[in-house]
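In the two complexes below, subunit A is the common chain; its partner is subunit B in one and subunit C in the other.
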Partner chain A sequence: MRNRTKTQEYLTAFVMLLPYILSFCVFFAYPLVKAFVISFQNFSFLGDAPPKFVGLANYKEALTNKMFLDSILNTLYYSVLVVPTQLIIALILAVIVNDKVKFKEFFRTTYYLPTVTSPVAVSIIFLFLYKTDGLVNQILRHIGITPRNWFNEPSFVMPAIVSVAVWGSVGFYMVTFLSGLSTIPDQLYEAAEVEGAGELTKLLKITVPLLKPMIFFNTVVSFISTLQMFDLSYIIGGSDGGPMGKAMTMVVMIYRTAFKEFNMGVASAMAFVVFGIIFALTLIQRKFFGEEMSY
Partner chain B sequence: MKKFLTVLLTLIFLLSLVAGAFITQKDVFGTSKITLKLGAWASSPAEKKIVQNQIAAFKKLYPNVDIKLVEIVGDYNQKMQLLMASKTEPDIFYMDSMPAWQYIAKNVLEPLDSWMKKYNVKTIGYESSLLQPFIYKGKVYGLPKDYNTLVLFYNKEMFKQAGLTQPPKTWQELKEYAKKLTTDKVVGLTMNLELARIQPFAYQNGGKVFDGEKPVFTDPKALEGLKFALDLFKEGICKTPKDLGAGWVGDAFADKKAAMTIEGGWMIPFLNDRKIPKDSYGIAELPAGPAGKSTMAFTVAYVMSKNSKHKPEAFKLIRFLTGEGGQKYVVEAGLALPSLKSAGANFAKTYPERKALVDGAKYAQVYFYGLDGTKVVDVFNKAFEDYVIGKKYDLKKNIEERVKQIMK
Partner chain C sequence: MITLVPYLIAVITSLKPVEDVTKFSVDFGKLSFSSYKYITTEFPFMRWLFNSFVVAVAVTAGNLLFNSMAAYALARLNFPFKKVVFYIIIGTMMIPGQVLLIPIYLILNKLGWIDSYKGLIIPWLVSAFYIFFMRQYFLTIPKDLEEAALIDGLSRFGIFFKIFLPLSLPALATQAIFIFVGNWNSFMWPSIIASSEELYTLPVGLNSFYGQYYQFWNQVLAGAILLSLPTIIVFVAFQKYFVRGIVTTGLKE
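The block that comes next holds the complex of A and B.
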């Protein structure tokens, strides 16, 4: 046994990893490559006609489709609203829940609960809450604000969806912030208190700088997940994108192109455009936060 | 002796082999069953019951055919495409009129003409407009299972309070009545803001939105008709169910948020479920426009997969389901209208108060816009939204712009 060669060791490792490698190839690598190939083809699930190579035509069609371009803007608008809002709320919640309050276990659970609820169920409940005669409007009427048809007015639908998204996912980011907070040594805060620093100063001068890696991680994850938003928008706006298409996101558009317009080639091309956008934005964020933050 | 035994054993062996072959052959012919798969989308229990009754009746006629109902939950077209890609699609299945040509053009459905000839099924037996979506390049690909038309539902109580006795018969009356019926709490008319409800107004004005195989986007007569309907929304005497905070027009009408609505016959079972008394509402044909009457027909056909291994049996099943034997159950249930003309007459007799639904079939336009159906509907729907919500009042220019963006 002592004379085991490097090759033998590699072989063992390979055999151990085989289940993962296999599932990776079958369920990730193959579909990815296939989708990439389809994005250059005139491809259909239906029928036995062989797919035809069409060069960049699918990409051209995707990038000249006004509805797809609109969906990119809608999605970016959604991301820009969601990411900062949910991270700031999550950070504040994490700081509060970290030590100050009584029953903190209870609050931790409550804030996390929406995260484990299915987004579809969440959207349907919010459809009821935001109805013209729903709870939200009843409350608004009492404080003298005219009730609105939140999910059916072009300028309100996206912000309304944003509120649902923030509610639904803030718990997840709170938990990651919490784990980050536990790594900050208490002495720093004690020292700051001796110096007479207030809560806000402590938050801005100690917590935020030391949580920078966590903030970067959360920003990237949050950005990626918002750019891939499908469920809320699909349930609330449908595959037509809601009032005047204002709730149409990039992924709903891909779904629509593939399964309503039967156009797999263009849908795949759109998917790779979305990939490109996410990739580019993530690179920009890396630059913004500095190289040492790489995860 | 040894030799004899060997011969005997060999003989016995051979005999048993032959006999075995015979027995198994007999087995094949005697007890084995063909299994046909029938694909359907998941619907209400009442609707499922019809299909189950039809299947039971068919099994009585053809005991050697077993039928498995494949219910597809969720997005039907998405699942069907995946089933086809893996060549596991049902032998026969529901096909909605809208995407029909997209399937047919991809060459995945069996043309039925030769089968129809062989088993003596004629297209003239069916309500004629219903076949249009399933005929492509002169070949028939599907036989309509049932259909429904749009009619005007009105609340009799509210009519009485407003001093109205009859449902509106003309555009002018429709507008006038809607105005009279609109109060602080109730809106005169509710309908969806989409081509599938607004289009009849184009035809009632003598215009067209679809001609033969091609959409017509900016027929002036059609635009004028569409505008008439859209202006009802702008005047606030017609609202979408969403504007009324209802899930769909059925809820808005049942909750007495609207006095009239334009919707299909599927409203009736829904209103029954909501315990709305039958004589509290009336069903009338859509009001006629300057050029006469028009409505929309929505239909679903049975089609056969090209990959089916039991085509003769599959066709017999289609023939049964769309023929007198199967349509009987459609009439009895009263959920949708039977696609056979003869059965339609029975329907009107069984349900006299629903006669308007059958009458509409004579002049209805079927919900179908050729190969680019989804895009056509989108052009109109988005333009309607722009006109009513977005305040881009030039309908023609807006439609033209959208056509340029999506259509090729």
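The block that comes next holds the complex of A and C.
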């Protein structure tokens, strides 16, 4: 009797896990192995020639491809600009909104809207705003700044994309910080006020230290997501990576190599290089933040 | 305010006639919904909207059921290699999706699912992250409840459908809106899979429309508003679940 119920429980568990197991095998395990194999093969999607083992040739080709190397630098440049900017703005907004208890809901909703808006719609709205004769330039002209075609100039395209990305995701981090702020007891701030501490002192001496684990968590999440940026760069810069390829990111490069040039072998090698970069940077980050990892 | 301005400008511009789109001023007498009417009747925008709905709803429904089933097994049933399965699920979250993109495309190509709803939907029906999320939630449901139901003769499936799912409505709602919004906004995958215009989802369709009609900003922006509106409505209606979702999971969709 006991054995029967046990078998029955195993069977139930198996049935309940079946959709996951199938999906895991077909859309994870097998593809992972296959991707690894393809990265060592001369695998072109076009043509009927069977794939041939080529050793490290694809990796060599990827790592000597100037466009790919540039895309790595562009992506890192993007990350280095986006992560601190968006986290600092998000934290400051959270502190301000948290004080204005009355309008908390309103601000939270407003700042969060871009986060649920499709990156395609966001990109298109900003393509319109940043046009040479667009609204941003019309305003800038009033303060005496020469109008530019922000998305079409090599040195401005990435910072311009960064501004869009920050606008698009600052709300997400603001909401996480807001939830963190609600765990800090008011007495701490009251005590600091009695001692005559100003807003900045309170921010740096109370808020930031107490939110440290959350700041760490958000840094990691933000960093990993910036390293995988695709949508904004692809819609604004196209598969050529915008002016002089300055908007090309690592993932756009993989996409281009695989689905525009149908060079699946090299694209797979690129994907593993990107995986390696993300993995290495996450490890470095972990070391850098040290004990905060316990969070 | 800076947050809302781009939306306001997009809405106003979408209502303007094309010769006025770059003008700073607004001539209220000339505003109309004609560009909305134009893109939805002269271009397959309604078809793309429909595709987006079908795909997002199917993916959401699949995730709600399959993730919860797996989560229930992990939270409440005993079976061999349970720990191993759990760690595999956690482990899969650490592999960036781009690595899998090409082989998944090749598999779907073999199956003949490229340029089909199947190709858009089936690879996304389960999510390791939300299995983990639901498992955490199920662990908080008291064991006594389940034991009582077992004694009353309810099967495990009965317990799952009649007790666990109804008790998890808040968690299910959180999961549903994140997955719906994430899938609605998804761009890279449908742009790879949907090659014929009738199968485009709205983001893919709008991007291709923009590529050809970028001078007609009133129409392009009308399309952008059409694409944004459903997720904004979902967000405003279910705000509390969003906030709870972020707070409890710290997740970015």
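Throughout what follows, the second predicted complex is superposed on the first by the 261 of 295 C-alpha atoms of A that agree within 3 Å, B and C clash if a C-alpha of one lies under 4 Å from a C-alpha of the other, contacts with A are read in each partner's own complex, and residues count from 1 in each chain.
Throughout what follows, a contact is a pair of C-beta atoms (placed from the backbone, for glycine too) under 8 Å apart; a residue touches a chain by one contact, two chains touch by 3 or more.
Just so it is clear, the structure is predicted and the values come from calculations on it, not from any experiment.
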TODO: Have a look at where A:Ala121 lands relative to subunit B and subunit C in the superposition and call it first, second, both or neither.
DONE: second
Open item on the list: If we overlay the two complexes on their shared chain A, which of subunit B and subunit C does A:Pro243 touch? Say first, second, both or neither.
Closed with: first
Open item on the list: In the overlaid three-chain picture, which partner chain does A:Pro159 touch, first (subunit B) or second (subunit C), both, or neither?
Closed with: neither
- [ ] Using the touch definition from the top, say if A:Gly134 reaches subunit B (first), subunit C (second), both or neither.
- [x] both
TODO: Could you say whether A:Phe259 touches subunit B, subunit C, both of them, or neither, answering first, second, both or neither?
DONE: both
Task: Comparison of subunit B and subunit C by subunit A residues contacted - done: C
Open item on the list: On the A-aligned overlay, A:Pro209 touches which partner chain: subunit B = first, subunit C = second, or both, or neither?
Closed with: neither
Open item on the list: By the touch definition at the top of the document, which applies to A:Thr110: first (subunit B), second (subunit C), both, or neither?
Closed with: second
- [ ] Check the residue A:Gly276 against both partner chains and state whether it touches subunit B (first), subunit C (second), both, or neither.
- [x] neither
Open item on the list: For A:Pro84, using the defined touch cut-off, is the partner it touches subunit B, subunit C, both, or neither? Pick first, second, both or neither.
Closed with: neither
TODO: Return the residues of subunit A at which the contacts from subunit B and from subunit C coincide.
DONE: 45, 131, 133-134, 258-259
Open item on the list: Looking at the complex, which residues from subunit C come into contact with subunit A?
Closed with: 2-4, 6-7, 9-10, 13, 22, 24, 62, 65-67, 69-70, 72-74, 77-80, 82, 85, 88-89, 92, 95-107, 123, 125-126, 131, 156-157, 160, 181, 184-185, 187-188, 192, 202-203, 206-207, 210, 214, 217, 220-221, 223-225, 227-228, 231-232, 234-236, 239, 242-243, 246-247, 250, 252
Task: Interfacial residue positions of subunit A with respect to subunit B in the complex - done: 44-49, 65-67, 131-134, 149, 151-154, 240, 243-245, 258-262
TODO: Could you pull out which subunit A residues touch subunit C in their complex?
DONE: 6, 9-10, 12-14, 16-17, 19-20, 23-24, 26-28, 30-32, 34-35, 38, 45, 105, 108-114, 116-121, 124-129, 131, 133-135, 138, 167, 169, 171-172, 175-176, 179, 217-218, 221, 225, 228, 230-231, 234-235, 251, 254-255, 258-259, 264, 267-268, 271-272, 274-275, 278
Task: For the subunit B and subunit A complex, residues of the former touching the latter - done: 75, 77-78, 81-82, 84-85, 99, 102-103, 106-108, 240, 242-245, 374-375, 378, 381-382, 385-386, 389-390, 405-406
